[in-house]
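First the structure, then my questions, so here it is.
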Amino acid sequence: MTASRMTADDRLDIFDLFARYAWAYDCSDAQAYAETFAPDGVLSDAFQMRVEGRAAIEKAIHKFFEMRGTSLWQHHNDHLRIEGNSEECTVWSYWAVLEHRKVDDYHGVGRLGYYFSRCVKRDGQWFFKERTFYVDMEEGLPWKNPALQRQSA
Amino acid sequence: MTASRMTADDRLDIFDLFARYAWAYDCSDAQAYAETFAPDGVLSDAFQMRVEGRAAIEKAIHKFFEMRGTSLWQHHNDHLRIEGNSEECTVWSYWAVLEHRKVDDYHGVGRLGYYFSRCVKRDGQWFFKERTFYVDMEEGLPWKNPALQRQSA
Amino acid sequence: MTASRMTADDRLDIFDLFARYAWAYDCSDAQAYAETFAPDGVLSDAFQMRVEGRAAIEKAIHKFFEMRGTSLWQHHNDHLRIEGNSEECTVWSYWAVLEHRKVDDYHGVGRLGYYFSRCVKRDGQWFFKERTFYVDMEEGLPWKNPALQRQSA
């Protein structure tokens, strides 16, 4: 299929993809989480983690659920910078984790960071082809950082 | 009127409805708050509360304003999962309350939860036909939960 | 150019403008920050500050970077109320600063407030013509407040 301009519906579908991702994570649905990725999708972080394919991603997210323990986490993804066409796009976005730590009933901000995502449309639906998360923000816009561009290319 | 596909403008109008709701709540405008509901709209929670019609909703939200006292609340509604057509839709969404507690100048996270909303278009504008709020998030996606589906049907 | 109805793409481009603004601020890119403004754009607050033109805005934002020090700030802009046409619009929006204070590794909510923005389209891209920030929220919707309307007219 020939790629054309990204429509307003495409851009809103990307918002919806990010919403599905957050809900699946925060409600502990590992399968729904993995299904936001393309079958050959990759989940990775800024360090050693690199997990490929839905079965492996489902296993990996379970470890994060365990790390979270009895706390409730809400991911707030924000400020999506979307660039691409009707078939694939890249997205830089913020993430913030708000938490309700049930062990002492504390509500607060967990951690902050940002994502780099490559998204692809398959049979009319958008998926993550690659999703990499970074903790904290750095000096300088990440999309102007040659090191990050190389990493994500 | 025959329902058709939801347009990008419809979806953005739903975002705007959620924005009007948050502003009215956080700036204590009970009338503007009630006017985000259809005249026969219903505000409810996961327990006993069920308030129908704008006059009753206006009264009910006043009680929340009193509960808030001198604190400032900011509702952040996020991750809207919109499904429906050009005339009505359902929306699952996050809410987080950030607060500035003026009594001791503390800034923090108040509470976290989610909404289930039924929205309807009347004379070209979207309103809440029903808005139910839940505190905290549960294990499992709420739209896969038969108990919640029954409740909201 | 004759103004027409704001399209869904225009509205999404405003979201993107807000995203570019937040990223530039939080990643300390003063030039990218200034470039979210029109060449004759104005940055102001509710008090004495009023800075006009990109060179002056770039200088001004550096002072905020210094104020922030070693902390990481994430601006979360939310609940955009957009009104206008294909050439210019006004936007009322929330801002919340979430922070990672590196000096003691505290994560929390910094401050809360709202923005009033006038946006203009130049050569197909949206910019801030004017951006005014307010700390905290007041009783009453700001767009119904004659004092604020005068100020921003």
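Structure notes:
Labels A, B and C are assigned to the chains in the order they are written; within every chain, residues are numbered from 1.
In this section, contacts are C-beta pairs under 8 Å (C-beta built on N, C-alpha and C of every residue); 3 or more make two chains touch, one makes a residue touch a chain.
Small disclaimer: the values here were computed from a predicted structure and weren't measured.
Superposition of chain B on chain C using C-alpha atoms only gives a rotation of 120 degrees, nearest 5.
Look at the contact of chain A with chain C and you find different residues on each copy: under half of the numbers used there are shared. Centre to centre, using the average C-alpha position, chain A and chain C are separated by 25 Å. Counting partner chains per residue, chain B has residues 8, 12, 76, 78, 108-109 touching two or more of them. Only residues 8, 11-12, 76, 78-82, 92, 94, 96, 108-112, 136-142, 144 of chain B touch chain A when the two sit together in their complex.
Those residues of chain B that touch chain C in the shared complex are 7-9, 12, 15-16, 18-20, 22-24, 26-29, 32, 72, 74, 76-78, 98-100, 107-109.
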